[in-house]
Amino acid sequence: MQNVFDLAAANLLAPTVLFFALGILASVLRSDLTIPEAVAKGISLYLMMSIGFKGGAAVSSQGVDTTMFLALIAGAVLSGVIPFVAFGLLRATTGLPQIDAAAVAAHYGSISIVTFLAATQALEWSGIGSEGYMVAVAAAMETPAIAAALILASNGARRFDGNTMREVLLNGSIVVLVGAFFIGVITGEEGLESIAPFIVAPFTGVLCLFLLDMGLIAGRGLKEGRNHLTWPLILFGLYMPLVGAAFGAIASMLVGLSVGGTCLMITLCASASYIAVPAALRLALPEARPAIYLPLSLGVTFPFNLTIGIPLYLAIATFLH
Amino acid sequence: MQNVFDLAAANLLAPTVLFFALGILASVLRSDLTIPEAVAKGISLYLMMSIGFKGGAAVSSQGVDTTMFLALIAGAVLSGVIPFVAFGLLRATTGLPQIDAAAVAAHYGSISIVTFLAATQALEWSGIGSEGYMVAVAAAMETPAIAAALILASNGARRFDGNTMREVLLNGSIVVLVGAFFIGVITGEEGLESIAPFIVAPFTGVLCLFLLDMGLIAGRGLKEGRNHLTWPLILFGLYMPLVGAAFGAIASMLVGLSVGGTCLMITLCASASYIAVPAALRLALPEARPAIYLPLSLGVTFPFNLTIGIPLYLAIATFLH
Amino acid sequence: MQNVFDLAAANLLAPTVLFFALGILASVLRSDLTIPEAVAKGISLYLMMSIGFKGGAAVSSQGVDTTMFLALIAGAVLSGVIPFVAFGLLRATTGLPQIDAAAVAAHYGSISIVTFLAATQALEWSGIGSEGYMVAVAAAMETPAIAAALILASNGARRFDGNTMREVLLNGSIVVLVGAFFIGVITGEEGLESIAPFIVAPFTGVLCLFLLDMGLIAGRGLKEGRNHLTWPLILFGLYMPLVGAAFGAIASMLVGLSVGGTCLMITLCASASYIAVPAALRLALPEARPAIYLPLSLGVTFPFNLTIGIPLYLAIATFLH
Amino acid sequence: MKTHSKKRIEIMIESPLLGRITETLDAHGVTGYTVLPALAGRGEDGAWHRDGVIGRAGSLVMVISIIDADRVQSVLEPLFKLVKGQIGIVTVSDVEVIRPDRF
Amino acid sequence: MKTHSKKRIEIMIESPLLGRITETLDAHGVTGYTVLPALAGRGEDGAWHRDGVIGRAGSLVMVISIIDADRVQSVLEPLFKLVKGQIGIVTVSDVEVIRPDRF
Amino acid sequence: MKTHSKKRIEIMIESPLLGRITETLDAHGVTGYTVLPALAGRGEDGAWHRDGVIGRAGSLVMVISIIDADRVQSVLEPLFKLVKGQIGIVTVSDVEVIRPDRF
């Protein structure tokens, strides 16, 4: 137990978390600090490329086994199942209309890559290794949640056209993540070495800058969304990660992941999307209100996971092994 | 004396200064070379983050003493006092109308962070350490000059509303600088180590790119401003840094700064703002003409400080100890 | 022979080439992946600055000899001569109208800096050194081809005004490349050391990101251009590099370049411009259709050189020594 | 220089929908359009700002298309259908052009 | 498809003033606006270019707001007061919209 | 608040030509103009997109200039000569301004 608190305290004082807090603070104080859109996109591409490549290079030296396929399947299934749970909880506790509830549910089935990155960092600081293919699991979990939400929104009737699904599956972030993963698998440790000074060494620093931006956006979202975020919704944003975490923990045990892999799987299940899903829903479910789902995912769940969630998930993963 | 010339010559042939010269040259030759706005802003954020963090980490290992508070107070006071001197000189020698003279004066009370960065580099190359809190002093010197200018512009009548002052105090650059400083203080050397490959190793190279951009902007500013820059004004842009430097030198002695700290304090007093103050004056003193103060600060005083000023200030600081 | 195949295979599986392929793939699958314009421009500036500086620093330690001047002259002459050959081949085999043929010819006389960069990487991986001044040769080869094309387009009549030529000569990329080259010459190894963590260490990684972007643009260009690219044109895009390579090989021998220098000279002659020349032709030869020359240069010749060309040119250079 | 009357359609639309808008314009024989980036805005649904945002949701672009007056009605109908449930507005105004046959 | 006449206010204003412009629009019951970035320009006070510039001074943005004709006068007055001493211009033109009640 | 009729010239032009357009405007006594970036577009010659592109070829900018109606003809002529062989279009529309002497 003591360990968990130590970990949580250390985590709260990591540069990454502090830069996120700085972003929130700047936003609350109405500073004009902003990160240009192009720079934010560039950083995001960099992070995808880096995490994908590193995962792929790890797989190339760790080798492929059945656990990998089980983990991929488990991830995809959870991404499709968790929205149903989230939807039930939302309908029972928050009074959100069906469409909005389905939209929010989609976010919690899908995943947040930055949360995943932060968990990877925490593992690194704790000196715990993990399965390289977990980034592929992350990619596999982005989309099924959206299909689930469309079913939920329309009482089971088919609403989604193939075109929208293609757009979701091939969104830029996933393509870079998965592409870099395969390039990492192909070129292996040698390839990693040749570009490590770019994708490995400065990684944590770039992540700090990115989290500064996330803080700014989250703060802005909270300001915009404060009229829509009722207490039951905020509570949902805080306990739903734990519900997701429970699913993730069980799945990890069944699949047989390592401590690190379990921590990452739990984090994926606990995290909520804020890039891919919102864009997809504007196409597939335009009636759902972004003013609800964006602040909830970005302003409530993301900070929770970043500060308290990740150390907790790591503690759970350690406890389970 | 010999040493000063050696230092000045070495400084003139540093990559940073040469990239600045390249920017000026490209601009004079009407090349279409430009650095996209988003990239320039991104680099500027990076430099603020880096310098702030490094200063904070240094403070965390050097510890806090009364000198720090004295230096902060001295900086803020000088920022408020120097504009009065500058205003007097401008009115006596240049024939600028009251409003324009007040606006120019504000720039010389405030500071230029890039000049500060260049001075930090010069110290590093000379192997001279400095007080980490000097970046906090830099931040403290940004704003008082603007208040002084508003008093000067209106013969003592209050002109500034709180809203404008808040905007100035919380402008993006200051928030990142000060925020990163505190994060550096909190996370200390350990934090610095984790992000050093991002904020320390590539620093000089990034500064070169930034100075290339500064050269382009300065060259453009000189072209635009050549009709407004009279000889008395240009002379002011060259001797005013020395006047500011004298104030800085005296204050450093009184406060008891080290050689490095003295050099930085002199540089701050000698430098003129070209980001925060111009933006603030467009809100608080719109009648003042940007076509005068921008080219003067960016096209005359900044190059002077970068090439001749900094080695001179370092020589003075060494001489005084 | 075996060696060539090994080299070609190794080259095809280098991270740089794979990221280019990823870009093409993403574009073909109609992913919404894009690199913001500002980021792409920033990366391009970075690559110019890096390659120019490194070349200059190498010259400063290798010293200047007559070979350098011969190489510069040879490059400039070839840039002006190759378009005539290309024009003849185009008129004989493709049925392109005179103006379009002249425009295409200009691209093949001029050079592609990214192809040059990729060749530099290949040399580095093979542990082969090269003359630092080859980047200056690259700069010297950008422009003559355009003048040649204007002569070809107008049956020898003078069409170009000095203003357009100035714009071409002083385009941003060349200014940074040449400027950084001279700064490298002046500051030498010491200067290089001070900014190496920025311009040397992350270079390959940044190049990967850039080639991802190039892949996206090439893929888009191929889609747009598929109606204009006839088979004879596509064939021209594949054999013309070899024709250029032959010229480059002969010139290298006459000038007396090293293995590495020969490989780079061949690569320059074999590569086709897609930045400087297209922009210049919109001003100087607006009747020529970009829908022909852009996809040909970017979608056919560039991928050919990147994958098959460079290992082949290296093999030729090795064979010739 | 003689000028000719045409219509200028200006569509402010949330970015994720841009592809559908241009497909609709293509499908209805519009001869061309130009897309401008927007930076920020405010409407009934609140304010938005482009800075720092990675995803395409929550920002707008502006599509401008010069078309023949005869075509306005047939284009407006499907455009409006598309924009109705989404975040966006469509306006039409009069402009003069030099080469009437291009639109 | 029936369209309705509205007014389009276009404000080109130096960036540091953007906040005051939108506050003024908000205060005068405007239902919405969109801000476009500008890249460069020239006026009486000389030319400017956005590239490479870090601060907000010395560049412009363009604010577009579709409003009801009845409201033009009451918005124009305070807008003009704001823009008068600053770098910027305001124009008004006619546009047609589909949903008149939105503006 | 009294407003005065002026003309708004809107030029969409491929980027490499921007310098010549502004030189032409300068040469014909236009009091000012503003340049907006464009993101993407489609015309007779196909579609283009700004993202990822380094060179200036193959993308457009939009130049807006408010001028006096008397000056339209004398500006339009050289503008059209410039744009004719290139990728670009010119439109003219009516706007109202507050300070008529500025244009």
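First chain written, first letter: the chains are A, B, C, D, E and F, and each begins at residue 1.
Going forward, a residue touches a chain if its C-beta (ideal position, glycine included) is under 8 Å from a C-beta of that chain, and two chains touch if they have at least 3 such contacts.
Predicted, not measured: the structure shown is a model, and the values here were computed from it.
Visitor: Following contacts chain by chain, what is the lowest number of steps it takes to reach subunit F starting at subunit D?
Guide: Tracing touching chains, the least step count from subunit D to subunit F comes to 1.
Visitor: Farthest chain from subunit A, going by the mean of C-alpha atoms per chain?
Guide: It is F.
Visitor: Between A-D and A-B, which chain pair is linked by more C-beta pairs in contact?
Guide: Result: the pair with more contacts is A-B.
Visitor: Taking CA centroids for every chain, report which one is farthest away from subunit D.
Guide: Between subunit D and the rest, the longest centre separation is with B.
Visitor: Do subunit B and subunit C face each other with the same patch, meaning over half of the contact numbers show up on both, or with different patches?
Guide: Result for this pair: different.
Visitor: Using mean C-alpha positions as chain centres, tell me how far subunit D is from subunit E in Å, no decimals.
Guide: Those two chain centres are 19 Å apart.
Visitor: Once you find the CA centre of subunit B and the CA centre of subunit E, what distance in Å lies between them?
Guide: Here the centre of subunit E sits 34 Å away from the centre of subunit B.
Visitor: Subunit B to subunit D: how many Å between their CA centres?
Guide: The separation of the two C-alpha centroids amounts to 45 Å.
Visitor: Going by the contact rule already set, what residues in subunit A reach two or more other chains?
Guide: Within subunit A, the residues that touch at least two other chains are 32, 34-39, 41-42, 167, 201-202.
Visitor: Give the residues of subunit D touching no fewer than two other chains, as numbers and ranges.
Guide: Counting only residues that touch two or more other chains, subunit D contributes 36-37, 56, 93-94.
Visitor: Show me, using the given definition of touch, all chain pairs that touch one another.
Guide: Touch list across chains, by label: A-B, A-C, A-D, B-C, B-E, C-F, D-E, D-F, E-F.
Visitor: Which of the residues in subunit D come into contact with subunit F in the complex?
Guide: 1, 3, 6, 8, 22, 26, 31-37, 61, 66, 93-99, 102
Visitor: Which bits of subunit B are touching subunit E when the two form their complex?
Guide: Touching subunit E: residues 34-37, 40-41, 44, 167, 213, 216-217, 220, 224, 274-276, 278-283, 286-287, 289-291, 294 of subunit B.
Visitor: Would you pull the subunit F residues touching subunit D in the complex into a rising list?
Guide: 10, 12, 36-44, 60, 62, 73, 76-77, 80, 89-94
Visitor: Which stretch or stretches of subunit C touch subunit B in the complex?
Guide: Listed in rising order, the residues of subunit C that touch subunit B are 36-39, 41-42, 45-46, 49, 53, 166-167, 170-172, 175-176, 179-180, 183, 186-187, 191, 194-199, 201-202.
Visitor: Would you tell me which residues of subunit A are touching subunit B in their complex?
Guide: Answer in residue numbers: 13-15, 18-19, 22, 25-26, 29-39, 42, 201-206, 208-209, 212.
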